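When the chains are written out, they are named A, B and C in that same order, and each has its own residue count from 1.
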Amino acid sequence: MKLSMLTGRHLPLVATAGIFCLLFGVTAYFYEGFFSGRVVADLLSDNAFLGIAAIGMTLVIFSGGIDLSVGAVIGFTSIFTATLMGRGVSPVVAWMLALLIGTAFGGTMGTLIHAFRLPPFLITLAGMFLARGMGFWLNTESVAIHHPLYDWLANFDLPLGGTMHLSANGLILLLVVAAGYVVAHHTRFGRTLFAIGGNEQSALLMGLPVGSAKITVYAVNGFTAALAGIVQTLYTSSGDGSKGIGLELDAIAVVVIGGTLLSGGRGHILGTLLGVLIFGTIQAAILFDGRLSSWWMRIVVGALILVFILLQRFIVRGAGRRGA
Amino acid sequence: MTDQPLLQLRGITKRFLGVTALNGVDFSVRSGEIHALLGENGAGKSTLIKVLTGVHSPDAGQITLAGNSIQPSSPKDAEQAGISTVYQEVNLIPALSIAENIALGRQPGKFGFVNWRAIRRHAREALARLEVECDVDAELGSLSVALQQMVAIARALDLRAKLLVLDEPTASLDEKEVAELFKVMRRLRSDGLGIVFVTHFLDQVYAVSDRITVLRNGELVGEFATAQLPRLALVGKMLGREVKDEAGRSAAEAGAADQAASAAPLLETRGLARRGAIQPMNLSLRRGEVTGLAGLLGSGRTETARLLFGIDAPDAGEILLGGKRVEFDSPRDAVRLGLAFSSEDRKTEGIMPNLSVRENLIFALQAKRGAWKTLSRAEQEKLCAHYIAALRIKTPDAETPIKNLSGGNQQKVLLARWLATQPELIILDEPTRGIDIGAKAEIEQLIGKLRGEGLAVLLISSEIEEIVRNCSRVLVLRERRYAGEVPAAELTPARLMSVMAGTHEQA
Amino acid sequence: MSKPEPIKPAAARPRSPLIWMVAGLVALVLLNLTKNTSFLNVTLLDGHLYGTPVDIFTQGSRTMLLALGMTLVIATGGVDLSVGSIVAIAGAVCAILLRDGHGLAITIASALAVGLAAGSVNGVLVARLGIQPIVATLILMVAGRGIAQLVVGGQVVFITNKSFEFLANGFVLGLPVAPLLVGAMYLVTHFFLRRTATGLFIEAVGDNETASRFAGLGAARVKTLAYIFCGACAGITGVFAAANVRAGDAYRLGENAELDAIFAVVVGGTALTGGRFSILGSFLGALLIQTLTTTMYNLGVPPAVAPVPKALLIIGVSLLQSEKFRNWAGRFMPRGQKAAA
């Protein structure tokens, strides 16, 4: 919009977009066939459940919190949905129940965190153990899902022209990103989250509903994690309690690579989408290459987190100095 | 101006745990005036402001605003009644845009959505009213403190306030920025707003205010028209003594001062300065001498001490210790070279609350010796026993957590902490603040003893009497500048006050 | 303004969490005994001690060692999420070095060096650059397993060195080696912390960092050292972990170890806000968590479900430590109990 938007506040977002373009360009240069709309559409489909979870995580991080339970909630939802459907429950009812449980679970953690001033990372860590254990309590094995609706959704393809198609999962991801964008940037609730993450004390003095916003954001994140779990069942047509192990780290990484400040108060939902694309591109490039091993993924992601954290450190310090 | 005051406080009394912070104070502000609220530490200014803005509710008294009796129970409540406050610490969100900071909590829009266009428009209007021009999309944190202050004022005024409370808005502004702020204040005054202006800078009081209310020790000293109250009289009223008072200083002290005057300085500074803290200043401190550092609140006393002790890095100038140039990167360096600094902020910069009296007491000595040269438990206990007896520290035993002690005894433990390091120079920043009279007398006695033992002492205090009683000579700061020295021979409260007030040149 | 300054009586020290932990241990043991009366039996076979209690110590020794380092980091007001990944890297390094025929001394020294290096990275990020501990240590937590994979080339490298295995499964004078070594490290650390002023410095930094700095302490240095020590503990834990499974497995070594270590410290009574710490508490905390795990196993709870009671335990303990919760719960208690809560 204006030059000031490109520097300062949105610099991390611009940096993320630049990194994505560069990464995608370099990858396309080295690997023939990479530069196509199909690949981008596949990036969305293949990383849909990570992306959906990351959008919820972004909101939590905006508020200065963190939620380590999302991977476990995905695993729980996955096996919960499959188990219910295995007993003849209709998929829609199973989804509703799963979303309800996820939301209530997140809301409970949020309440503990806010009401008793407990550290978010500790409570959500406990939440992670709890959700993972509950999932395995239902079933430690993978359960296949057979249902006409699942078959239909698996074959669903939204033609985007040319060879591009968007799967149901990719579509859900884009819808969640759009919803997340509206919530974060165009609602009072979203703006309150930024204010809390920026300075909780000031937010209180400004008369903002700090407590309810904090509880709500964990509930919303529980909802998106459960949704990600449902999308995971669509992706593999099965439910598995071991899904999503370590996914909370990937989600946090994606958020940080997307330019959001991990201590809260700064960032953009679209950055998280870009973060998912960067994450997906690295993964796809490693797969395309065949020579590089998959563990490079973690190392590159760790290095990217380091770069972004140092970049943000520099920006925040710069702003602080000017303010002083 | 109308005769009917806009704001009228009558008989406001507020007690905290049996301590009376405000005692039957009256205060009134008219529409279209700038009213300065003045007083030194503990005068009750901030309590009065908090009563006004709904943070505290008074134990007795009435508040009327524009003829209606009000009882604000929260800052939001007060804002709705028409009283808006801008604090010294800008209570906004630096990472968000200017426009959003003005709108937060009352964004226009339906169903929980926000209308960005309306937010920007409101922000532009609110800033235009103050004649401030800036890009409302810019991040608040990218602005100078002065502009952030303007945004805070814009936010406050957006509520169609009748009364604007500015609580030390100028504390971190430079001259030009202050001038800008005053322009805005005058403009708002001509719009008919009542403004309460809290500041420590007397020049500013005379530059902008119409009337002055002075508080001292929770009581109203009086209300004056600014034009009719000479500066020196004002300082006298704030400090609670008439200007003609003479000090009774003992001959022994003057003698000590004479002796010390011949000795070479222990510590000297040349052009020591830091932007926003203190203008370049030279000072010299000698062994066996208690040097006072006086000035009104906000004059740069603590800032100077922080530079001397390596807490903040100077922008310019140098420090000489025993004639040799030294540089302190941290308090650690200063402590190793024999300096000690007892901070005015006991709670956040002094005590380690959950650690025991013993651990707090031996801490600086142990830190100076390093981790390996550990003081044995017996040595520690000996030190504790010695200082607990010598300073008459009242504590059940040395193993009690220091947070359980009273303020005065905590202060004594902190003094003992420094004395145990056997420093050559000790900087005492408000060593007697908030402690009872008995402990205060003991601490002053101790200061005299330290002088006798050949220490150099730099005593910072807002109490004129304390400075005059204890110091051989006094360096005076005014508005972050060195304002002059009052030598032993001339050291009287009246002389000191006139230098502090900046009227001695004319006098 | 003279206000009376009453001397408050020495506040009753907060009731020692050690008592709670011992009570918890006793309860768990009793629970086990109802199922299996031979739970506490220890037999001497071939001059070696065998039995469930011995197993608990052997299996719990790794969490104990991690908790030792974590205690110091948490006492400075920080946290180290990367210890699990450091365990994996150190274990991987051990496996590779042993495969290539290097000796035991070089192997262990290398694992220790890995830990020291990783701890230094964390320490610099936290203490020098001022990055929040959770964020700073997250970097190595994410990247560390990738680095471990890189070290072992994506394989599980098996270890066939008998003397290395001895570290995890051997016996000395009839006692298992690993807990003995860990116990010795606790003792050495305890004496180091309490005989030098290091323990005091750490508690001071955690209690009030500004005040400690103003009193002449190099607080950043103390914090850096805590992270380096924590990294070193994780490096040695990597040795034990690799010896225990006789393999360098980048995925499994130290999996969720950071969580168990943090839990042990918090359950052991060291507050996440920093300050006073108790390494004995952390030791007992680790013991409690391992006993809980073993109990679950003995009760036939599938290992995958075992995290549930752990989660409930940690929520319970953190609620008990929350002042807000105690105030809130206090309203539902009769007066007498209130004072105790």
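For the reader, a short list of remarks on this structure follows.
Just so it is clear, a contact is a pair of C-beta atoms (placed from the backbone, for glycine too) under 8 Å apart; a residue touches a chain by one contact, two chains touch by 3 or more.
Keep in mind the model is a prediction, meaning the values are calculated, not measured.
For chain pairs A-B and B-C, the one joined by more C-beta pairs in contact is B-C. Distance between Cα centroids is largest for the pairing of chain C with B. Work out the mean CA point of chain A and of chain C, and you get 30 Å between them. Between chain A and chain B, the centres computed from C-alpha atoms are 47 Å apart.
Averaging C-alpha coordinates per chain places the centre of chain B 45 Å away from that of chain C. Across the complex, chain A meets chain B through its residues 1-2, 4-5, 8-9, 182, 186-189, 191-192, 194-195, 197-199, 201-203, 205-208, 261, 265-266, 319-320, 322-324. Looking at the complex, you find that chain A touches chain C at residues 66, 112, 115-119, 121-123, 125-130, 132-134, 136-137, 140, 241, 249, 252-253, 262-263, 293-303, 305-306, 309-310, 313.
Per the touch definition, chain B reaches chain C in the complex via residues 18-19, 42, 217-218, 309, 311, 330-332, 334-336, 341, 343, 348-355, 359, 363-364, 366-372, 374-375, 394-397, 399-401, 404-409, 417, 421, 435-437, 439.
Residues of chain B that touch chain A in their complex: 75-76, 79, 91-97, 100, 104-105, 107, 109, 112-114, 116, 135, 137-139, 141-145, 148, 276. Across the complex, chain C meets chain A through its residues 79, 129-132, 134-136, 138-150, 153-154, 250, 259, 262, 266, 272, 302, 304-308, 310-312, 314-315, 318-319, 322-325, 328.
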